[in-house]
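In this document, chain identifiers A, B, C, D, E and F correspond to the written order of the chains, with residue numbering beginning at 1 in each.
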Amino acid sequence: MIRAFYIGRFQPYHFGHHTVITRIAEEVDELVIGVGSAQKSHEATDPFTAGERVLMLYNALEHLPIRHYVLPIEDVRYNSIWVHHVASRTPRFDVVYSNNPLVIQLFREAGFCVKESPLYIRDRYSGTEIRRRMIAGEKWEHLVPKPIVETIKDIDGITRLRNVSASDNNFSL
Amino acid sequence: MIRAFYIGRFQPYHFGHHTVITRIAEEVDELVIGVGSAQKSHEATDPFTAGERVLMLYNALEHLPIRHYVLPIEDVRYNSIWVHHVASRTPRFDVVYSNNPLVIQLFREAGFCVKESPLYIRDRYSGTEIRRRMIAGEKWEHLVPKPIVETIKDIDGITRLRNVSASDNNFSL
Amino acid sequence: MIRAFYIGRFQPYHFGHHTVITRIAEEVDELVIGVGSAQKSHEATDPFTAGERVLMLYNALEHLPIRHYVLPIEDVRYNSIWVHHVASRTPRFDVVYSNNPLVIQLFREAGFCVKESPLYIRDRYSGTEIRRRMIAGEKWEHLVPKPIVETIKDIDGITRLRNVSASDNNFSL
Amino acid sequence: MIRAFYIGRFQPYHFGHHTVITRIAEEVDELVIGVGSAQKSHEATDPFTAGERVLMLYNALEHLPIRHYVLPIEDVRYNSIWVHHVASRTPRFDVVYSNNPLVIQLFREAGFCVKESPLYIRDRYSGTEIRRRMIAGEKWEHLVPKPIVETIKDIDGITRLRNVSASDNNFSL
Amino acid sequence: MIRAFYIGRFQPYHFGHHTVITRIAEEVDELVIGVGSAQKSHEATDPFTAGERVLMLYNALEHLPIRHYVLPIEDVRYNSIWVHHVASRTPRFDVVYSNNPLVIQLFREAGFCVKESPLYIRDRYSGTEIRRRMIAGEKWEHLVPKPIVETIKDIDGITRLRNVSASDNNFSL
Amino acid sequence: MIRAFYIGRFQPYHFGHHTVITRIAEEVDELVIGVGSAQKSHEATDPFTAGERVLMLYNALEHLPIRHYVLPIEDVRYNSIWVHHVASRTPRFDVVYSNNPLVIQLFREAGFCVKESPLYIRDRYSGTEIRRRMIAGEKWEHLVPKPIVETIKDIDGITRLRNVSASDNNFSL
């Protein structure tokens, strides 16, 4: 039995994530998916709450054929303990999939087995680009799985993103 | 569609929790299960990590007939924001099931609908009693669903519980 | 111009506090009143929020003849910096009034001038006794200034206190 | 009885704030004024402590004809609970005045009534511009109410602002 | 080259600690000494600051024949990451000396080599007993190395301990 | 007896620091060296852990002729209490050496005696420049004392620095 770990911020969940997760699911028995920066929301780069992102993943991964855990992971104040923070919040896993050099470095220093994630076309599917389109009023719906569109509409996510982006994120005059 | 919320510490998950969750599942469409005090582990009253407890719930609830979310919830420093902390970490829910007077008071003040949990025989199924039996070397396995026994053995949980209970929990002479 | 500092938890504000503050007001030009443990509420020993306690003090001290500042002060994680934490949250003051040995020690070590508070009959006017009476359904209204009774009724404070006291303060089964 | 809420950082308090607060005071019965980012001081954009800013507001608003509360509000780590954090630190209020899109969004999502603040000429009265003038040695005193000038001189605020701005805010070589 | 780790709270440093450290020094090449609960001071069980305790250890260990590091270690909020927190604050070490079951359990789970500390007569040399004697005005000086007596006198430590113990440690009426 | 205080981040320790510390050591009896931002590591500007930096200083200062304390100092959330945080973590000192305007301002406001550090050629010896060279594969070894080269090689520090710098420091896609 091989259990893998994969982490993203999912702001929002898009076809890039979906491709990677679907591919990993073909190689392992179980997959732990960390919803990173769980404490963040209502920011220009992090508009959605952890709960909203969890819902996106449940909706998009309903038919993933292997058991998967969707678990919010809060940031910690310093990198040296981040891996152990993750480990204490998740079922024990055997391999980490990531393309992020920092994530790879931290897990390797801690003695974990790390593999490169299957690639996707990053230019096309990127949270940054999708949020830019949402604010600009351009088409973004084709870049995310269908249930994500619903979830974002239900919470009036575009209005929220525009407002939090219009602000300097500072509660003050 | 009715989505409910239920929270426990699950140190460990036992037949008391299992009965309640099974009953709630008959009344609602989806259930969000909060794994409370997620940051705690290796303490006499909280021996298991959030990740280990998540695994217990996934194993025990594999056949629960409704969609359920198992989400670690960390404690926060003050009660006045606890409900909103929970809300930001979970998909939106319509009703809270609880028998804890503080939980009920906090959710009611915040305008949530709260229902009493279905009851179980607390004297028999209690985390405190189960941990006492584990330390004393008495029989405890019949008080928890079978997969929980496996999970605890896999991590050598009895030894851990005994050691963390033998200590005054203070890293010092 | 002499500005003094006085701190209490005010759970709730009662005639003991009122007597002390009225007396200090006769000796100084301005008074900074710290509302301690500001982050706490909905606990058996700390049922009221900082905002509710601020309101109690504004209502009770409406006619205090000197300028007074009512400022919530959160607890800090360690005693060695508590005095400086207080100092950064308050207008500069010249003298501290307290009968609490720890408060006196901390301010003296930091070089502040400290005076004993004018005394009041502690057995009669004590937050602990008032909260006990509230829970037991005994008479408590004569122990607090009249506006405090209103404030507590407005927020249904007795019900809240009973519920948070009935719980073991632990969000879990 | 209508109680309103208004928040600013007041680094320093200036005629822009003063105009807005004076206008709001004509529309409501009581006003809660939050002193935002209360934990900050000795930074290029936040030179003054919460206590110093509280003093500025008390001095400038001595003759405001309605009851007003001046209450420091610390930042919290994440936006989703900020409104509830504010609510627990303040007497209950009926309406929020703000022009900040993020503040408006957060209070609206939490079900509060929000009104646009009365406007002032932002180009002229801005904390950023005033701090720039203080550092450059240009005239700034005409942009703030007279008592603010005194308060800042008493604490040698210009020297402090220059020193904290000269640094990269990093305690190190 | 073998580098060992040993941790204590040292409230205050006494002959029990001294015996253990001297013995460990005979078995290893370098010793890292953690000053635990570094953030605490001015409490009945933790009267001395980290800085004062560091000074005690430097004075008492001036002639220890091996290189030793005296490093304050703050508590962390949860046990599962404590070992990794320690590891990030200290030079890499090969072996841990401890008699505390929790410390042993945590380091063993993290894969460290742990040895039992050399024993000392705990009834005689205990921080609890020494602090009790200090408060009661009984003889305590013979239980600690001579430089410790000086250090405590220099900071008027007995007065501090008595005052912080007389208080219920709660900044309030 | 004069005890001085000096603080740096030491990312890594270089000849600039070494010159300053050696000079200060000629003027005072004891020197407390704070290792600033102790909680940081594995970041592009802060690659090394506190423990690794402590080891660098012990190795480089083995022959410093005066007693010196090497003590990690974590950042605190706000500047107003930073000085007191430092003071609680260190043996009492009489004078602070610094060229950082913020550090000077904070210690002066708190009543400490502050002296300008002896100067060194900053263009040549700068952590920023050394880290840039490490990443670029240029020569950096001549800019640090010899034992520092060993320490960094032992932990494969160059690889780590490159990886953490290649990332946007954000655990996510």
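As a convention for this text, a residue touches a chain if its C-beta (ideal position, glycine included) is under 8 Å from a C-beta of that chain, and two chains touch if they have at least 3 such contacts.
Predicted model, so just to flag it, every value in this text is computed and none were measured.
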{"item": "Common touching chains of subunit F and subunit E", "value": "A, C"}
{"item": "Option reproducing the contacts of C-E, where over half of them reappear, out of B-E, E-F or C-D", "value": "B-E"}
{"item": "Degree value of the rotation bringing subunit D onto subunit F, based on Cα positions, nearest 5", "value": "120"}
{"item": "Whole-Å separation of chain centres (CA-atom averages), subunit C against subunit F", "value": "43"}
{"item": "Chain centre separation in whole Å, for subunit F relative to subunit A (CA means)", "value": "36"}
{"item": "Multi-chain contact sites of subunit E, meaning residues that touch two or more partners", "value": "41, 49, 78, 80, 87-88"}
{"item": "Arrangement of touching chains [line / ring / star / complete / other]", "value": "other"}
{"item": "Pairwise chain contacts under the document criterion", "value": "A-B, A-D, A-E, A-F, B-C, B-D, B-E, C-D, C-E, C-F, D-F, E-F"}
{"item": "Contacting residues of subunit E [partner subunit F, same complex]", "value": "38, 41, 49-52, 54-55, 58, 67, 69-72, 74, 87-92"}
{"item": "Complex contact set, residues of subunit C against subunit E", "value": "7-10, 16-17, 20, 36-37, 75, 77-80, 82, 99-106, 109, 127"}
{"item": "Touching residues on subunit D, where the partner in the complex is subunit B", "value": "78, 80-81, 83-85, 87-88"}
{"item": "Footprint of subunit F on subunit D - complex, ascending", "value": "39-43, 49, 159-160, 162-164, 166-167, 169-173"}
